[in-house]
Structures are given as structure tokens and as C-alpha cells.
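Some notes on the structure that comes next.
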Amino acid sequence: MGFFWSERLGRPASEPPSSGLTDRDKSLGRERAPHLVRAELEQRVRRVRAATEALCAELSAEDAALQSMTDASPAKWHLAHTTWFFETFVLRALPRFRAFSTDYAYLFNSYYEALGPRIRRDARGLLSRPPLAEVRTYRSLVTARLLELIESGQGDWDVLGPRIELGLHHEEQHQELILTDIKHLFAQNPLHPVYRHPPPSRTETAPLPVGYKAYAGGLLPIGKQGDGFVFDNERPEHLQFLAPYALADRLVTNGEYLEFIRDGGYQRPELWLSDGFRWVQERGIELPLYWQDGGENTWVTFTLAGLMPVSPSEPVCHVSYYEADAYARWAGARLPTEAEWETAARDRALQCR
Amino acid sequence: MGFFWSERLGRPASEPPSSGLTDRDKSLGRERAPHLVRAELEQRVRRVRAATEALCAELSAEDAALQSMTDASPAKWHLAHTTWFFETFVLRALPRFRAFSTDYAYLFNSYYEALGPRIRRDARGLLSRPPLAEVRTYRSLVTARLLELIESGQGDWDVLGPRIELGLHHEEQHQELILTDIKHLFAQNPLHPVYRHPPPSRTETAPLPVGYKAYAGGLLPIGKQGDGFVFDNERPEHLQFLAPYALADRLVTNGEYLEFIRDGGYQRPELWLSDGFRWVQERGIELPLYWQDGGENTWVTFTLAGLMPVSPSEPVCHVSYYEADAYARWAGARLPTEAEWETAARDRALQCR
Amino acid sequence: MGFFWSERLGRPASEPPSSGLTDRDKSLGRERAPHLVRAELEQRVRRVRAATEALCAELSAEDAALQSMTDASPAKWHLAHTTWFFETFVLRALPRFRAFSTDYAYLFNSYYEALGPRIRRDARGLLSRPPLAEVRTYRSLVTARLLELIESGQGDWDVLGPRIELGLHHEEQHQELILTDIKHLFAQNPLHPVYRHPPPSRTETAPLPVGYKAYAGGLLPIGKQGDGFVFDNERPEHLQFLAPYALADRLVTNGEYLEFIRDGGYQRPELWLSDGFRWVQERGIELPLYWQDGGENTWVTFTLAGLMPVSPSEPVCHVSYYEADAYARWAGARLPTEAEWETAARDRALQCR
Amino acid sequence: MGFFWSERLGRPASEPPSSGLTDRDKSLGRERAPHLVRAELEQRVRRVRAATEALCAELSAEDAALQSMTDASPAKWHLAHTTWFFETFVLRALPRFRAFSTDYAYLFNSYYEALGPRIRRDARGLLSRPPLAEVRTYRSLVTARLLELIESGQGDWDVLGPRIELGLHHEEQHQELILTDIKHLFAQNPLHPVYRHPPPSRTETAPLPVGYKAYAGGLLPIGKQGDGFVFDNERPEHLQFLAPYALADRLVTNGEYLEFIRDGGYQRPELWLSDGFRWVQERGIELPLYWQDGGENTWVTFTLAGLMPVSPSEPVCHVSYYEADAYARWAGARLPTEAEWETAARDRALQCR
């Protein structure tokens, strides 16, 4: 039986040393991906690798080197780490493999215990070397080797294919992190740097009134279904019983959240979990992350396009679990459970096909 | 719909200020307790209050005043806080109520936000005053008033009865804390104080081989069933689906845990959740809490009876969630979920009737 | 040549292990004290030991057990440590010596490295055992043995005499600490405990206008002069050149310090040393330690007699070096150097004879 | 009377707000510098500004942006701050002055309280913008304006001249910091970056035996003498009395320091000040900063030329006050006082003329 709740608390630090792969990645690689023809995989490698580089194309070497908090990593580190992943778990399996640099395992391993020691997480921002240009070269070479490998069909494809697919999903996760980490870094800078210019301004339209969509619940399958890639914490499929429930049919807006703020939401202990209210009080939190008081009853928020007015019709974001929970209680609702959300999302995905 | 998962993450910091009671306690008091006749309640008040005092009878004023870490409280504080609970939530509702001391609300409130400010948790060990003797007087007077109240039948018994019952369960929770907190305090003392002398030594008998008892699972009721007292996080009753599972028929012993240690359990990342392995490494953990190396391949452990050899046949205790999880993985098993455990425990309780 | 500035930065952690005594204490014991007849020493032992006990006579076991910050120690610890000092450095030299308790060296050694490991300083407040009563017994027995020893004249009196004298000065230092540490502990308690009742209220009289007394300076002897006891950082006598200077002829009053506060003293960076202004800002300091705003433009201060109004005519106290320095700059003066103060104090002592 | 001891503890946080300049810098500018003809000043401006840039010429934008600890600053910050100093204290006094950027005062002010708020010191390493290239442009423009100003002779030269001279000395201080901060940053990098290649290897020659040079002491002038620039903590000249003393005629070598280490120097409390021994124990210090065990009884040290063997004949460096003090005690000597050193250094400077 699996550990399907384990993602709430952490995950196994690594597989036994006897295994070639480690961590969750190995289990992810266990399944064959017969539905993937090599040509399709080649296209995806090109697309995903290029997308990561596009996200960093406008970053200077300085932008890419800094780490604004322990939980964030420099963009340069993300660029190298996702590359090290393919080098280590795919290319290393080939005959005549030679590592790009023997130092990179120490620098760009994240938390794969079985692969040896690695730099402290909070020291990733102390690496002015290797320079960004060298990391870009590293990316190019590894991508090229990867494409050659796919074309050649060399190696045990039942192992390599799923590993490459895993690497692509892994890299897509880091694409998200690149954006959140750059946003956090730029938010610390009094110059309010602009990562990318905003889309042409749209007419602000009032959101529709919120409605609730009902779900019947019942004994439902949760987790992996069918073929295709999933992460290990989505497996195995299992049954879960849900009582009937209803879910709002659109996201909560900034405007609605502002009503919560104006109603004293951050000052009213009865709306919060105990831990959450302590968190609010110890840190003096009164607004969502990145919001600032703009004076005269206005609010601004730091975005990837710099400081912008808070738009009342856009979805509220960068609120913590505690804030979301307190808002829900104030609004007379509650947050959905993971299984409720998964069921609703799957239902919606079916409708969208 | 209730927040039946909320106990995993915290709980609402308080009820709305309009309510008389706060926090989880109010909800606990919502149910009537018609099955409790007043005479029975009187007996329970006597018994529970006396049991708390018996736990502290051998403690000196010094023992009862110290706080060995922020998560622990001095025994004196437990004695007073459980009394303040009855004074505040039961006696205060009476006409002509006068508080024993106007300072006590500040000193002995724990985390009831709506009842005003209170001393910082980590400063509970800075209170040499009020002296232990005064706190004992406070206990006697409040117990006496409580018994008078029960005998008199004054007040709104539909409210007061359940609150008294809640107060008794609350006090029983603090009885557990008194023992764990005194153990922690005494464990810091190089003199290894003895809280109570051990029972006469028993013959050490080898534990039975472990077996597994199978459970069929299915769609099962979880949480409150029938009348009687429950805490709010045991409500409401709801259905949960469990796949078939099996549970060990006895607890893991110190001897078995020692095999895990000798097998390098604390050094093998593949056995641990990531968070857990970081916890182990950052704190240099190699043994359960209170265990010490006794030299020559022996172990001793600090107990309420002072330093004692680790008995291989007794259940292992003072292991964290992370340690239990790693042990289970090493042993080829996993920890049961809360619902699996509740179902098995209920089953066993039925058998024991 | 000595290290006569060393007291600014710390002092040698211990003497070489080959020596019987350690730390500064040995050097202190180097000088003979021929001027002390044994009878006189006996009287002083009685007086000093009794004075320490008188300071603690009204403390409960709880008062004496708590440690309110790492830099403070419980009164019980002071009572035991000063006793351990005589036991270790005087009685241990006698034939047939037996320690009161083999644990006490670990518990009550302060920082004598050569005498073995000792309890962490910040854990002195975790010792509910030994109880205060046992520590009082320990004191009585060691005092009695000490008096017997003096009466008997046994042992090498050239060594023991100076050590006893050193122990008496050492104990007088701890008498000061008992008072400052109890004050700090009681100040944390919302009940504002009273250590001793204040003297009958005196008529508040306005202080005399401040005058300045001139000193000619010159090449002057600093440090030990003549016979008699001194601590090691008062030796050796040496010459220091002082330019002419003048010193205020009375202490700064609370009333004068209040003018500094009202003039924005704590908010004006130009009055402070850089380090001091950072200290003020990081800790939000706006008043001397123990002062509180009493409302309506009044101030109260926590004293050994509990909370009292700030008397404008009394000397200001509990100000840090930084605050004293900033006040002096505001007042158009500066703090005296150590040598200026020593010279002025010696001059005054001569006048007082 | 001056505050000639103030450098031990900090210095006034700023001058009174009525003054144009702030902090110690104003007082430094108080003296005229009639000995400086403008042509000479122009040469020095060119030389000092170019020297700073030469130190950073080989640094990449990434090298120059990182901050490896709170006490260090990125090289980019040093480049900009020293420029901001001239812009603020010299160019701002000119008619038609326009700041290069209104943001720079916030970013590149160090601790001049009277000039408004500034970025937290430990956030200097979060500034990927402005880019290094922009800071270099800023330097060029400010240097050019400065040279124009000197050539034109505009402005109140009695004020501007001394301020420029102060700015040059200030910049030379930051040249030292650039080197120490880059060394610290590179030392954190597992790639051991090389800042500059070592000089061609010299034959290692054994150092001469140490001798002691005697000084007669007496009543001696300390601090500023004659014309010329001094920092404020070198003023005013005053007399200090020194007893006769002797000073080693060469620096302590790595080889000698290794003997101290091998003799258990770091483990022997009797050699250390109490504070120093606590520092050693709490941090597990066993070697000077940047030294590492090279295996087989050898030591390596991180230098600006990368990791290098410890040369026994070179002077030991990167030892703290505590280590120097402990070494001196071990060697049967003591550290000189500031006045002893100043007198000896002045004497030597005279000899070298």
C-alpha cells in the first residue's frame, strides 16, 4: 500500500543506495511510457528546454545569481540543476559518458542524498562562479547530447524514456520556481525592476456574482487513472468517500478580499486557526504578500511588471493557507479538501475536452 | 459541514466575541449531557481534582515552578490553569461571583484570545509568585465552590453541566502534561531526580512474536457515535472509506527499535521522509529522546523513576513521528492512518467490554 | 608587566593546570595578608556569610530557584556557588577533606575551566534540586568548617588566609548580583512582587545645582597602593598621565534625565555613538531599564519595593553605557575615563577619612 | 576635550542636524589643507579612483553583486558608495547640481543618519539592479565632474578641498574592504575562484630569529601632529605616559603559530581571555580563518590566488584579537597597547625617511 498522504509531511529522502536512481524520481521512472514515440519526445525536449531559457532570456548575469531567501534559488541555479538532472539520470547511463564538470554534482544537486554531499541550500546565492554564460553552455551541450541520444535510440529505452519524461516534468516545475523566485528577488529591490512589461491594459470588468456548483460525492477514485505520466504522490489510484459538497464557480477576487480586510479580518481571532493567528501577530501581517498601502485608501502590489494598482476584479493571490482559511470562514464557507478539489477539477477537465 | 481535518493544522483561535465561551471549549459545551446525573458529576469532580493534586503531591515548590522549555509549563501553572478554567467558564456565570484574584486571568489563561491578553507562553517559568501554597488554596476554594454549585443545582444546568464535564476532560489532558513536563524538567537535572520509585522489578520476559490482525475496511463511520462526551475534533460523525489493512497485534519494543539503530537506521536517508532526515541531521539525533549511551553496548533512559537501563521487552516510547515512520519503513510496514487506527481501536474497545 | 586593561575585554580563562588554584583567584591569593589577624578574619567570615543569608532570608524556595535571563543566576545558585568556592579553594586543602556532594562541583562551578566541566550557564534555572533547604545546610556546614579551621590555625596560613579573604570579597560581589538578579526576576512578574518594603517616605527635596570640581591631573599613580586586598585587575600600580579635568559634584538625577528624554534624546542620532543608536533602534528603547510610562506624563519604575513613581531628585540608574554617553553629550559634557574617576574617588576617600 | 577613546566602542552616529555634513566626516573636513595645491589634488583623484576600478577590473558582474555575510558588501556597492560620497558631499554643493539617480541615496548611503533612510545593511546583496555597467558609468561621470570642478576652482575651496581629500581617504579604506570582502565571498565557493594569480614562487627562506627592540617610554605625544590629513579619532594630540617596553622586531610567522596550534593552544583555557575561550568553544575554532587541514600534517589556506599551502615563513594573518592575545600569552609576551604601537610605528616611520 502506498503513502498517498505523504506529500503533506515530506517524502522519503531517498531510495536505497543499491538503486540507480534516487528519491521520488526512481519510482516516477518505473512506469513505461509506450505511448510516447521517440519523435514526440524529441519535440518535447526541444520545447521544454527552450521554454526555460526563454524565461531567463532577459535576466542579466546579476539577476540570475542572487538568492533573496533560503526557500528561493538563483535562476542560474535552476538552469543548471535541471540540466544536471538529465546529465545524471539519463546521460550518465551511456557508455563513454564524461561529466561536463566534476564540481557540478556538488553545486547543482538539490536533495538527492544518495548522490553525495551538496552545497547548503542557503548558500546557492554565494556562487558567482560558474558564470551564467558557462551554465548556458552546459545547457546547450546537455540538450544536444540528449537529442542525439533520442535520435540514436541507444540504451535501454524502457528505462531512459520514462526518465527523460520525468526530467521534462521536473524542469516544468522549476519553470514555475524561476518565476516565483525572480518575483521575490525583484520585490526586495527598491528600484522595483520590471521582469516583463504588462499586457496592454484591459477594461476592468466587474466579476460575475459567485455561484456554487454542487457535487454529489460518493465513493470515488482518487489519484492516477489511465496511462500517462503522473508524479509518485498521485499514485496509486484508490477510493475515497466524499459527502455531497459544493464549490464556488469562480476564484475569489482582490475586491472580495479587500472587504475581508476592511472588515477587520486580520484582527479577528475567531476567524483564524490558532497557528494562523499567531503567525499573523508575530509577523505583523495585515495584507497579502507583495501588497502595499498605496495611500488614500488604495493598494498597490508588486508584480512581474513592477508595482501595479491592485485590480479589484482579478483573483487574489499570494495568500497563505492561513489567510485562505480565515477568508473562507469569514465568507461563511470552508476550503475544499484535496479530494474534493481533485474530483471537481477532473470533472471540469472532462467537460473541457 | 465541519472541519474534521482541522486538528492536523491547528484550530480556530476563538469563537466570535459575542459568545460567552471561546475556542473549542464552547463547541464542546454545546451538547447536553443528560446521561449525567448531578451526583455522578460530583463524584467525578472530586476524583479528577484529587488525581491532579496527587500527581503533584510529592513535588516541591521549586519543582513546580520551573519551565524547562517553551512547550512545557510548570506544574504550578497546570494546577492553576485547570482551576482558572472552572472559575471562568462555570463559577463566573453565577450571581455574586468574585474572582479569587484579578491577576489570575492574565497569568493562567492559556490561549483564549477573546478573554484578553495573557502572559507569554515562554514566561510561565518566571513566576515565583503566586507561591505554590496559594495556588493550592485557590484549587481548594474553587473545588469547594464547584461542589456547592453542583449540590445546589443553581444556574442553567443545561449550560453548566456540559461545561463542568468539559472542564474535567480538560483537566485530564493537563494531567498527562504534568507528567511529560516534569519528566522533561527532571531530565535536564544532572542529579537525575526521581519523581516516583519504580514498581518492584519484574522478571524481564521476551515479547511474543509480532502478528498482524486483518481489518476488512469498507465505508465506515468515523468520529462521534452515540451520546457521551467528545472533543470537537471528534465531530461530526462522517463516513470514510478504508481499503483492507492489517495492524500489528502488539507495540514495537525497545529491543526491536535497537535493531533498527544497530542497522544504521539513523544514518540511512532512504528510510526517512526528507523533512525527517533533515531533522535528524540538523540536531544530530541518534537515539530516542531520553536515551543515553550507557557504555559497553548498553543504553539507559531517563524515566520518572530516574535513570534506568533500557528494557528490550518494553514498548519503545518518546520517538517522534519521523522516527516512527522511518522505523516502519525499515520494518517493511507503514504507520496506520488516523481512521485505520480509530477503527481498530473501536473494534478492540468493543471486544474489551 | 601586567594586563591592567584586561578587564575591559575579559580575563584569562584559567591559570595553567599545574597550579592548585585557577583563574584570577590564584593571583589574588598570591599576596600575604599579614595585617589580618585570625580573629579579625573570623569576624569577617561570620559577618559576610550572614549578610548573604540575610539578603535571601525573605525569598521563598520558588523565588530562589528561577533564572530570568542567561546573564542572571538564581539566588540559590549564588548561595551555593559562594560556598563551593570556600569548599574548593580552602577546605579541600585540608587533610581528611570530604566534599559535601560530589555533584556540586558540576552544578556550582561558575567558569573555572581547570576544575572540570560544569552546567551551562543558561541552565542554572533548571535545577529544582538540590532544594533550597539543602543549600542552606551546605552553607551552614561549610561556614562551620571554615570557622573551625580559622580557630585551629591548621594548614599553611600564608596560603589559606589570603584565599579566605579572597572568598569573602568574592561573596560580596555575589551579594550585589543577588540583588540585581532578584530585581530582574521580580520585574518580569505581572504581580510586581515586593522584595523589601521601602523606607518611610522622605520629603522630596530639590537637588542642589550641579557644580564642577577641578582636578589638576598630572602623572599619577593608578591601581593598587599600599597593603590590603585588591582584585588582580587593580594591579600593578602604574603611572598614568591625566590632563586637567573637572567632574560634576553630584550624580545626574532622574529629573535631569527626563529633560533629556523630553528633548527627544532617544530619537536624535547626533547624540549617540553609532553602536548605541543601533542598539536603541533595534530594541525600541525609549526609557531606562525598569521605567514605564505611568500615563498623563508620569513615569513609574520597578524597584525592590515594587512599582514606584520615578522620583525627580534621585540619581538616575539602570542606564547603559550608551545612554550615559548620549546624556553626557546632550548635557555638553563627557563621561570621565576610568583613571579620572579613580583619581577623583581616591581624593574623595582621603577627604572622608 | 576630545573623545580619544571612542574608537574602541563606536563613534557618534551623526553631527547635529544643523550642520551641512554629517557623522565623523564633517569634523574631518574642518581643517584646511593649504598644503594641497589643486593640481596635486587632481592627480590624486585620478590615481585613487583608477586604483579602485583596477581592483574590480577582473570581477564579473556576478562577482561584484554578491554579499557573503552581513559584515561584507558587494564590490558593486563599494564602487557606488564611494562615488555617492563625492556626489553628496562635494558635487551637491555646486549650483545646477543634478543627482545621477534619485534612488542612489537610498541604495548607497552607508550609515549617515542625517541623510535619510537607507537600505538595510544585510540587503545590499539583493540588488541585481542597478547593473554593474551602470555603476561604472556613474563612477566615470562623477569622477569627470570632480576633475572639472577642481580645474575650474569654482566653489568655496576651503570647504571643498578638505572634503575631496576626505573622500579620497574614505575611498582608500573601501579599497581594503573590496579585497577582504571578495576574499570572503570567493572562500565560500567550492570552486575556489582565483582573484589574481600569485607572484612567481619565491624561495622559501627561514625567518630570522625574533629580537626585541626596547623603547624608553615616558610622557609622549599621541595622535595628530603637524599638518596633513588625519581621521577624527586621531585627534586631538594629547600626552600619554608609557612605561619602558620592548616590541618584537618582526611579525609572527605561520610557522610559529603552527607551534602554538601543535602545543594544544586552542584547547588550553589558561592561554585565553574568558570571552575568547568561549568564542573558541562555541564556534569550534581550531585554526585561523581560511586555514584548512590539508591532510598528512599539512595545512592549506584560501588566498586571493585560490587555495595555497600555508607558508611557514610568511606572517600569520586572519587571526582575531582573541587568537593574537592567546598566542602572545603562550609565547611569554603580551600584545602592545595602541599607544605603544603608535609610538613605535612613528619612530620607525622617522627612521624610514
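Letters are used for the chains, namely A, B, C and D, taken in the order the chains are written, and counting of residues starts over at 1 for each.
By definition in this document, contacts are C-beta pairs under 8 Å (C-beta built on N, C-alpha and C of every residue); 3 or more make two chains touch, one makes a residue touch a chain.
All values reported here derive from a predicted model rather than from experimental measurement.
Chemist: Over half of the residue-numbered contact pairs in common: that is the test. Which of B-C, A-D or C-D passes it against A-B?
Modeler: Duplicate interface of A-B: C-D.
Chemist: Can you check how far apart chain B and chain D are, centre to centre, with Cα atoms defining each centre and the answer in Å?
Modeler: So the centroids are 58 Å from each other.
Chemist: From the C-alpha centre of chain C to that of chain D, how far is it in Å?
Modeler: 38
Chemist: So the centre of each chain is just the mean of its C-alpha atoms; given that, what is the distance between chain B and chain C in Å?
Modeler: Chain centroid spacing, chain B to chain C, equals 45 Å.
Chemist: Send over the residues of chain A in touch with two or more other chains.
Modeler: As it turns out, chain A has no residue touching two or more other chains.
Chemist: Thinking of each chain as a vertex joined to the chains it touches, would you call that graph a line, ring, star, complete, or other?
Modeler: If you draw each chain as a dot and join those that touch, you get a single closed ring.
Chemist: What pairs of chains are touching here?
Modeler: Touch list across chains, by label: A-B, A-D, B-C, C-D.
Chemist: Given the complex with chain A, which residues does chain B contribute to the contact?
Modeler: Per the touch definition, chain B meets chain A at residues 1, 3, 5-6, 8-17, 111, 113-114, 219, 238-241, 243, 245, 268-277, 321, 329, 334, 337.
Chemist: Help me check something: in the complex, which residues belonging to chain C touch chain B?
Modeler: 60-66, 68, 103, 106-107, 119, 123, 125-132, 185, 188-191, 193
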